[in-house]
Amino acid sequence: MLDKKYKLCPELKVMRDPVHGYINVKYKVVWDLINSPEVQRLRRIQQLGGTRLVYHTAEHSRFSHSLGVYEIVRLMIERVSDLQSVLEEQEQVALLCAGLLHDVGHGPFSHSFEAVTKTDHEEFTERIILEDTQVNRILNEADPDLPQLVADIIAHRSERKILSQIISSQMDADRMDYLLRDSYFTGVSYGEFDLYRILRTIRVIDDKIVIKESGIHAVEDYIMARYQMYWQVYLHPVSRSFESILHALFRRMQDLYSEGRFNETGLEVFEPFIKGDTDIPLSAHFKLDESACFAGFVKLMDSEDEILKDLSSRLLNRDLFEYIDFPGNDRKVEIEKIAVEKGYDPRYYILEDFATQILYSPYKEEEESAIWVNSDCGLRELSNASTIVKGFAQGKDKEDHKLFFPKELQ
Amino acid sequence: MLDKKYKLCPELKVMRDPVHGYINVKYKVVWDLINSPEVQRLRRIQQLGGTRLVYHTAEHSRFSHSLGVYEIVRLMIERVSDLQSVLEEQEQVALLCAGLLHDVGHGPFSHSFEAVTKTDHEEFTERIILEDTQVNRILNEADPDLPQLVADIIAHRSERKILSQIISSQMDADRMDYLLRDSYFTGVSYGEFDLYRILRTIRVIDDKIVIKESGIHAVEDYIMARYQMYWQVYLHPVSRSFESILHALFRRMQDLYSEGRFNETGLEVFEPFIKGDTDIPLSAHFKLDESACFAGFVKLMDSEDEILKDLSSRLLNRDLFEYIDFPGNDRKVEIEKIAVEKGYDPRYYILEDFATQILYSPYKEEEESAIWVNSDCGLRELSNASTIVKGFAQGKDKEDHKLFFPKELQ
Amino acid sequence: MLDKKYKLCPELKVMRDPVHGYINVKYKVVWDLINSPEVQRLRRIQQLGGTRLVYHTAEHSRFSHSLGVYEIVRLMIERVSDLQSVLEEQEQVALLCAGLLHDVGHGPFSHSFEAVTKTDHEEFTERIILEDTQVNRILNEADPDLPQLVADIIAHRSERKILSQIISSQMDADRMDYLLRDSYFTGVSYGEFDLYRILRTIRVIDDKIVIKESGIHAVEDYIMARYQMYWQVYLHPVSRSFESILHALFRRMQDLYSEGRFNETGLEVFEPFIKGDTDIPLSAHFKLDESACFAGFVKLMDSEDEILKDLSSRLLNRDLFEYIDFPGNDRKVEIEKIAVEKGYDPRYYILEDFATQILYSPYKEEEESAIWVNSDCGLRELSNASTIVKGFAQGKDKEDHKLFFPKELQ
Amino acid sequence: MLDKKYKLCPELKVMRDPVHGYINVKYKVVWDLINSPEVQRLRRIQQLGGTRLVYHTAEHSRFSHSLGVYEIVRLMIERVSDLQSVLEEQEQVALLCAGLLHDVGHGPFSHSFEAVTKTDHEEFTERIILEDTQVNRILNEADPDLPQLVADIIAHRSERKILSQIISSQMDADRMDYLLRDSYFTGVSYGEFDLYRILRTIRVIDDKIVIKESGIHAVEDYIMARYQMYWQVYLHPVSRSFESILHALFRRMQDLYSEGRFNETGLEVFEPFIKGDTDIPLSAHFKLDESACFAGFVKLMDSEDEILKDLSSRLLNRDLFEYIDFPGNDRKVEIEKIAVEKGYDPRYYILEDFATQILYSPYKEEEESAIWVNSDCGLRELSNASTIVKGFAQGKDKEDHKLFFPKELQ
């Protein structure tokens, strides 16, 4: 610990944060990354796409979430003495950077946008870390090994599985921050759990994060929080209605483009994504933030294509589609017919969405993804240690299949 | 109360809000206004322009603030029985609409933007209420008198001064919401005060809102909250640094435009404002939201004008100017010389800002603007009823005069 | 509603309460009951006996809990419009009084105290309401039917099952207040749930309280809160250690008394309870509050009986017994032998405690005790409507069997 | 730091605390002190005597406050790096113990009780630390110098003024804990201020605690919190009504005793205090906690002395005196006459109370008691650095002079 090779900030940098009190930054490399264009761009991408149309105060950005994930990683290192002893400083710094950067490749409205454009934010994240960017230069300057180390942690390629476990597993810094943060900014309390209790009961055994048995109830509460947030917030039908329309809007642009009928001006920023390019330059990715999208939708309200005009107006003015439980394919066909009769193109106006959430999945393909509990009888996977979670694991996955369409069709 | 002429929503609409618990909407006209394009546009304008660069979670919009002001007005009417008796339903509905609409004319980054473009959000607010808009149509449909009534309340032209007092005075629904809301979203506690205590002690005397003596401490706390929020949040030098650069950027565009050298494409949305038009159409105002601005700044990062390129990049990447207490005009001239030597145009790179706040101004030109306390000895203006506030009123106004410039010049 | 026969307070009485904001009292009979000696006595009985030895701030009294239960009943009546329509004013007032009085018969350290003295707080509650007390006089003066109505609601004898359902069932005002209140005063967040959401989704169907399907997640959260509070707070082993010693102390007094060897002076207040009287006068019950107990324990620290002296000192000075998971009867006998060798009387020093909690019991003997959900397919018992709760209902009851003894025996 | 001579607990002890999150105990001497009879006795003395009759949830004890003061001292040492460098471990440990023990000599209902019995909790605190007690033995065993060091810090006799400044000054750990704690437990928000901001801006200059200029607003908020809590909570007239009656009750016992007419049995615990003994043994002090008082008042409800009987009943049943602003001596004499006519002895039934609070006293006799701000121009006393506080310092002290008597006399 004496030969610290990483430069420190002249004095500790602190940023007030309602979820964690403060974000604390000691390392210069972290401070420089925060101020890089690629990370600052996350200020222009909201954390919860369509959710703000249900919970109007859910307007926080991926930027503040990224700081929050960084801070949870930092708290873990600071407070879990086991971690301090098993991780060298280089690993600690790489982990802090991975926490901060894990979402840097996100575009606007990630899930629906990616589905329609066939892009992948994880791929962009990796490229931003490894290719020619400010982020890469900052990492490289601090330590030439850092870019690869950070990318490997995020992509689960690191040899030390514990590093990836902290960033991405069933109970990682990412999920812990977003449950707390989304709870705070929506104003629902369902996502709250006792982070400090969890931090106090984390131990490292067999190079894995494990929870002491005395922390098991805090973990149960975390699992419950996750379940509640999925169904009350993330998969809320109004949010999915917004995202379905967004999906339809982009498909419409793609379809027009492929038919050579996409004539909008001032929307160059969308083009790489609607052309179906497979090799999108990072500069194009950088420019497509949510501001660009909303500015684009405002332009589309003047489009000559009635569908683009209508769908963009619906997104901007919260004139969303109604929804019903999926009524079966026969009934769907009937509704599509009515749509056609009333002048709606069913490809863009009759939209289906299937949401599902696994309550608790006890064991995924990778061991480091599970939650482990340390008790007198040794390590046990969480659902073997908690009656509550066993109930979750055995329960049927919750599913919700819905059909969305304009209310005039109801 | 029996002949309610205003339509109600089929069932009470509620929206979760972390500041007030829920926003409750009973009247159809209010619900329709919320869903109008002009009000939904406020989702794309943040409440606190540059503040998010100090407090990273201050990302909430004028939309949620507008709902909050509406809700405080609603709570006042619901809980202050005096108000229910002195206000007719038409006045109540007009007041609710005024609370919701008081900020509808805001553009992006209001204060610095208006200073440079010589526009005025109050004028736009009035036009949106009275001219040909969705908002106007909705008001008009509910009651043809509403547009004028609402506009008059907001513009302090209403004959019943109490209506304007509730929307805009030393202690109005607007300020009460923004102190609480900005506190919540920045994560500082300084703006908190006891809204429910204030609501419980409001009475109506001489057609004025007054506070019972037993609520005086809650009002003192509110005055203190206002003071603290000004200096810790609204007038924070980092926020003013952002706004100074923004101001310089728009001036640069204006200067280039007036010299015929503004050649940017895809920035039509800025044009009406940099041309110095005096009669800006509402459609242009509608389109200029913060998304448009940020999308514009991203474009300007590729500008051929080095100053536009640099300043827009500074805004986006938080590469703000440093600041010092204003060192006197002589020293300013020296710094400007150094700037020129180093290749910086002082018009856009040496920026002065003077901030001041009156701690408590006991009596403004209009009587309805003051805060009145009702005690055994009759109505007294707040600073005559509270030792604390008297101290504020007699204290020197707090001032802060600063000079901003790139850190290379320090 | 026009012929209100119950007197109102001259003005609404409000008491600040951190859990509910304010306790609001409109009816004079309620205000008078609050100020009766029998209700004020509850200030001298803490809500959570031994828990304060684990959570040092759990020092709140049954008085504030009783106000809280009253307030939840009041909120239900105010906010659930169905309830206002199905309940006459007399029933509403009786319900409010029942909420306030449901715990009035409690003695100190209820559970362990009752176990050893064979007394029953429910019986005392009934007697305080029906016999010659201030409480009875106040009820009677407001309405001669009230005493019996209130007693019947509390004792589940009311013909309208809905009245008892509100005061005592799987999801009643009592439990809802204590989970929130004990959470607040211990400082753990596990007991929090969304009371306002539950209130908003309560309906009355078939003269039963039911929850709309849209409130089901709030109920799931409530069930989880209950589970967590049981194991983290109410059944915490340190708390049970305190209560086991308390139980032993009272047994020691009883044993000495029955052997004619109880010679303490100044402890008359304990006598009716250690003599094994079956018909304890209300005046004796009134005098035995927790202050009397603690004052008695301080006196017992000077007792000539070494066991009374030691056990009382342990209770006062937090010198509690250690605990292990129950090791089987054979091992218990061995430990008792060691105790005897070391001079400890195993009757008072080797103590067994078995704690169990049913996670969720879908259907108890009385239908009004269950939680009902109203969905498109009609009324369903909660565990048929919620996957999560079904898991709870099917899970094994959680049990904890422990042995307590002085740490010198370990 | 290597030769730590103080024993540590086998593992860090943590106690959940709603105000500070957790109380953290590392040193064995601190843990042992917490579990000593003298400190555990503080569980039986509430922090806010009569306040619970206004704010019913203000039922917290001096025990939890003492832990809180200890924790703030601990946080200061942990987070203020200046403090770690200027204080040796012995001083740190002495400071922690002083924080925990500063109130250990308190009796029940301190202020009114001490006024009538002419006792002084500071004197008892010193004796408990220095004479033959568990507390003294524990301190002595850890380090024979500790008892004197701790007593000197508390009594302001320490040569290092900074030590006393932390425990007792205008902005000390004691006040900071009680404002936050009393705020939490009463449920009012007026006492809240930003403790963590203050901790972050504390520096040590000239062996004094000073605040960086950037923390000045947090200190202003603290001063405001103090002012509000005094008038809303500590000096609330209902609380003073309770304390006036308590005072009268004890005076009545003294008067009866001095006339040889005090015949109560079972109240031996009061005797040393009503006899006017000047040298009260610690054992008598130990036994007189609030439980003993309340148990005594319950006994006095059966007294043959009508005044004792009435006053004790009023205290227990919240049948307090009414109050008016002090009407002048002439009017007081008239009221006393009416009292006599109606059979009330004015010595115990017409009670006067004068409350005053200095808003901010810029400079007391001892320099270490003031609040110092460090700015570019060097150290300045707070009222010279803050306009707000200057206003407080120049304002008139707030005063409240009241007369209390039974409502029948009104």
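As written, the chains take the letters A, B, C and D, and residue 1 is the first residue of each chain.
The rule is short, and it goes like this: a contact is a pair of C-beta atoms (placed from the backbone, for glycine too) under 8 Å apart; a residue touches a chain by one contact, two chains touch by 3 or more.
On a predicted model such as this, the values are computed, not experimentally measured, just so you know.
Chemist: Tell me whether subunit A and subunit C, two copies of the same sequence, contact each other through the same residue numbers or different ones, using over half shared as the line for same.
Modeler: The interface of subunit A with subunit C is built from mostly shared positions.
Chemist: Which chain's C-alpha centroid is most distant from that of subunit A?
Modeler: Max centre-to-centre separation from subunit A belongs to D.
Chemist: Looking at A-D and B-D, which one has the bigger number of contacting C-beta pairs?
Modeler: Of A-D and B-D, it is B-D that has more C-beta pairs in contact.
Chemist: Centre to centre, by mean C-alpha position, how many angstrom separate subunit C and subunit D?
Modeler: Result: the chain centres lie 32 Å from each other.
Chemist: CA centre of subunit A versus CA centre of subunit D: separation in Å?
Modeler: Going by mean C-alpha positions, subunit A sits 50 Å from subunit D.
Chemist: Distance-wise, how many Å sit between the C-alpha centres of subunit B and subunit D, to the nearest whole number?
Modeler: Comparing mean C-alpha positions, subunit D is 44 Å from subunit B.
Chemist: Two-or-more-chain contact residues of subunit D, please, as numbers and ranges.
Modeler: Only 21, 188 qualify.
Chemist: Write out the stretch or stretches of subunit A touching subunit C in their complex.
Modeler: Answer in residue numbers: 188-190, 192-194, 217, 220-221, 224, 227-228, 231-232, 359, 387-388, 390-392, 394-396, 398.
Chemist: If you look only at subunit A, which of its residues touch subunit D in the complex?
Modeler: Residues 14, 21-22, 196, 200 of subunit A touch subunit D in their complex.
Chemist: Spell out the residues on subunit C that touch subunit D in their complex, using ranges where they run on.
Modeler: Touching subunit D from subunit C are residues 15-19, 23, 35-37, 40-41, 43-44, 52, 55-57, 59-61, 63-64, 67, 184-188, 266, 268-269, 287, 289-296, 298, 313, 316-319.
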